[in-house]
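We call the chains A, B and C, going by the order they appear; numbering starts again at 1 in every chain.
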Amino acid sequence: MAKIDKNFLDIGYTDHLSRQLTPIHQLDPRAKLVTTLVFITTVVSFGKYEISALVPFFIYPVVLAAMGNLPPAYLLKKILLVSPFALLIGIFNPLIDRDILINLGDIRIAGGWVSFTSILIRFILTVGAALVLIAVTGFNAVCMALQKLGVPKVFVVQLMFLHRYMFVLVEEASRMVRARSLRSLGNGGAGIKTYGPLVGHLLLRTMDRAQRIHLAMCCRGFDGQIRIMKPLKIRPIEIGFIFGWSALFIFMRFFNIPLLMGNTITEFLR
Amino acid sequence: MSHHIIEAQDLHYSYPDGTHVIKGVSFRITHGESVAIVGANGAGKSTLLLHLNGYLRPTQGTLRIGDYPLTKRNLKSVRRTVGMVFQEPDDQLFMPTVFDDVAFGPLNLGLPLTEVEERVINALETVGMPHLRDKPPYKLSGGEKRSAAIAAVLSMSPDILVMDEPTSDLDPRARRRLIELLKTFEHTKIIATHDLDMAVDICERTIVIYEGRITADGSTLELLQDETLLERSGLEKPLGMQSCPVCESNEKKVIKDGLHSTGRRR
Amino acid sequence: MHMADALISPAVGGAMWAASAGLIGYCSKKVKQDLDDRKIPLMGVVGAFIFAAQMINFTIPGTGSSGHLGGGMILAILLGPYAAFLTMASVLTVQALFFADGGLLALGCNIFNLGFFPCFVAYPLIYKKAVGRNPGEARLFTGAIISAVVGLQLGAFSVVLQTVLSGISELPFVTFVLLMQPIHLAIGIVEGLATTAVVIFVGRARPEIITAAAESAHIGRVSIKKVIVGLLAATILTGGALSWFASSYPDGLEWAMSKTSGSDELASSQKGLHTSLAHIQEKTAFLPDYGFKAEEIETTTEIRKSWPAVDAGTTVSGLVGGTVTLLLAGLIGYTLKRRKQKLKTQPVDASDV
């Protein structure tokens, strides 16, 4: 329970981070969204045994996080906390793919371990990029960007409602759970018999609330259309941001920079 | 200015499940009046308020807002005239930031963007929170939420302000600040409340409702001293009008003519 | 069972994005046609409810573990399939952005797996048929459990397909199916129980909510055929186009080929004597090959040679280079941060606590 409370404090913190005023924060959200998507697509487009060529891609989340004034420890912690589905599935690779892929002197490394490491790196890169995106952009700005990029308004508007009332309802839910655990004294009380009414009540209250919100909207002239005043502007700097990064990603996709550098260094040492 | 009147004649309302909540209510409120609607829980105050902006339609009787009876056709202009502040500010502040929320109404009115911005800034200044314009509502304190909700209504420049329990959930200082703010408004005000002390402070007139009927309608000061009336309507004399047990035992002084002098009235 | 970016290929991710985007567009249109503007706040707030409800657990007797509400099924029961799909999609979007559950590219997969199956398969074909217009509690119970189980089974199967098609995980299809389906049978039953418990409570307290949802025939009826045909078309088109693109970059595919064609040859291939210059030449030389002359036999050998991390030489180079790059990236970040702190730019929004 406490963990979940904390999780939501975390969202609040992400929201807080997203309201800074660094140059990265001030970029049009569309530029950041599009660039991040290009980034993720490029990262996952590598073959499954790729490791070294993926490394330079850390530059994107690192630079954004640094310029966006995001605390690295916080990001790392969040990446570690993330649902581990990818790792659960990935860990089967070393068990199944036992063909030796790398001979490093006497050390032989199976293909499975290589691909597992690759999954790990992809995981950190993609999750990191998504977290950085939201922390330097803010949820509502992402919503605005989605809308401007052609996502249906109905969807965008209820994304915003979801985000707004998430905080309210989670607080309500945690109060209820607290009340339940205070009175169930360790045994019973948390079974399905109490669960139904507990969650059911929350749901009924939620639906009543939705009705009151609708009422409040009607009182202020709601006619089925949500209008938001938020001028988004693509300036040359946004164009530069998108194309600059994308060009770098594509370059890094085709040229294995670490390998080239490593070669140069080992050549030199020889 | 005659268009600020609100007139109810023999208003009845039953919920779809058959519960008869409003059982024949008539009143007339004219321009510039401040009226408290008081009554116990379940007396029908909130239901009555929901009629004032046309959200609920009376099952019987008529309601006039301005010069016309309320119909589906003039709903939009009625809602522009009657600004409604709900009991739970979280229900009313549904937009991502305070600014967006206050701008919601003016944008729906179809005003030009510059005027929208102007109105939002004015409204926020009136309630004293221009610095909080970019905050998300969930980060506001209870008092700030209430002020933001009021600003969201003010930005539509309504003639009539209708409020449901504006002082509930507020700490004493926030409550006091709100009362002072409301006193500065020149709008026609209709306030449903349990906070009888606030009613004394703001409203010269009070309508007492009990089980869907009006049991009294008149000067706040007089009505709220009438203990039998209040008793009958499930209410109690406001604290400010009750004799103080401490002073009483010390000085045996019983205040008969109205207000205990705690310096609350100016 | 959120699908993750790290496990999918761009072709699969892109295809599922297209499918989900298509569905979102279609559902948005339907919800708009519905002309019930009460639905707009309702969907958002009920989405927030799903979030909150996922925090409330109940103990599963005899197992020591606990379960909670999943979402798709109860949303469909309360809101009808179109609004439910949109709501589920937004719940997953928020999860992807804030909890990085899954990821942005996998979002399409997740919306499809957790939204499409409960809303457009399990709900209309099972729940509605089982429960009918006058939901008794026994029928509600059966309907909710079976449809929740079926919805999740399909979703889990879809995860397997997406993973196997992407080819990042080594898990063979059959093993993966045998792993996923039973787990999700259990999850499905738990979700079904939770859904029923809540729906029955709501049905008792406010029967009109459940009946209204069941009766809203015109938003409840789904032309499954149309949806599926459209989806298939979208998926195949994007998937096909993307995999064509992907296959013109031979990495994954080539690797599999060379692996089957003879891995000893690979392992014994010369020590890493390629100079970096040669490498650059090779790279630049073979770059055009990708798109245009992939069929030439020479290219395969060339690719095999240039395939990174094969022999010790390249491995060492890769390790050295990788470490250096990582350090460089860190250094860049650090310097940027230091410079910022020195400049002491704008403080974190002064009004924030």
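To be clear about the criterion, contacts are C-beta pairs under 8 Å (C-beta built on N, C-alpha and C of every residue); 3 or more make two chains touch, one makes a residue touch a chain.
What you are looking at is a predicted structure, and each value in this text was computed from that prediction instead of being measured.
S.K.: Whose C-alpha centre lies nearest the centre of all protein C-alpha atoms?
M.R.: Per-chain C-alpha centroids compared to the overall one single out A.
S.K.: Counting C-beta pairs in contact, which two chains come out on top?
M.R.: So the chains sharing the most C-beta contacts are A-C.
S.K.: Suppose each chain is reduced to the average of its Cα coordinates; what separation in Å results between chain A and chain C?
M.R.: 13
S.K.: With chain centres taken as the means of their Cα atoms, state the distance from chain A to chain B in Å.
M.R.: 44
S.K.: How many angstrom lie between the CA centroids of chain B and chain C, rounded to a whole number?
M.R.: The mean C-alpha positions of chain B and chain C differ by 49 Å.
S.K.: Of all the residues in chain A, which ones touch at least 2 other chains?
M.R.: 19, 139, 160-161, 163-165, 168, 209, 213, 217, 222-223
S.K.: Would you pick out the residues of chain C that each touch at least 2 other chains?
M.R.: Residues 41, 349, 352 of chain C each touch two or more of the other chains.
S.K.: Indicate the residues of chain B shared as contacts by at least two other chains.
M.R.: Answer for chain B, listing residues that touch two or more other chains: 94, 134, 139.
S.K.: Could you pull out which chain A residues touch chain B in their complex?
M.R.: Listed in rising order, the residues of chain A that touch chain B are 12, 15, 19, 139-140, 143, 160-161, 163-165, 167-168, 209, 212-213, 215-223, 225, 227-230.
S.K.: Would you tell me which residues of chain C are touching chain A in their complex?
M.R.: Of all residues in chain C, those touching chain A are 1-10, 13-14, 24-25, 28-29, 31-32, 35, 37-38, 40-49, 51-53, 55-59, 61, 66, 69, 78, 86-87, 89-91, 93-94, 96-105, 163, 167-172, 193-194, 196-198, 200-202, 205-206, 209, 246, 249, 251-252, 255, 259, 263, 267, 272, 274-276, 279-280, 283, 287, 308-326, 329-330, 332-334, 336-337, 340, 345-346, 348-349, 352.
S.K.: Hey, which residues of chain B end up touching chain A in the complex?
M.R.: By the definition above, chain B touches chain A via 50, 53, 55, 76, 79-80, 82-84, 86, 88, 90-92, 94-97, 100, 103-105, 107-109, 113, 116-117, 134, 136-139, 152-153, 156.
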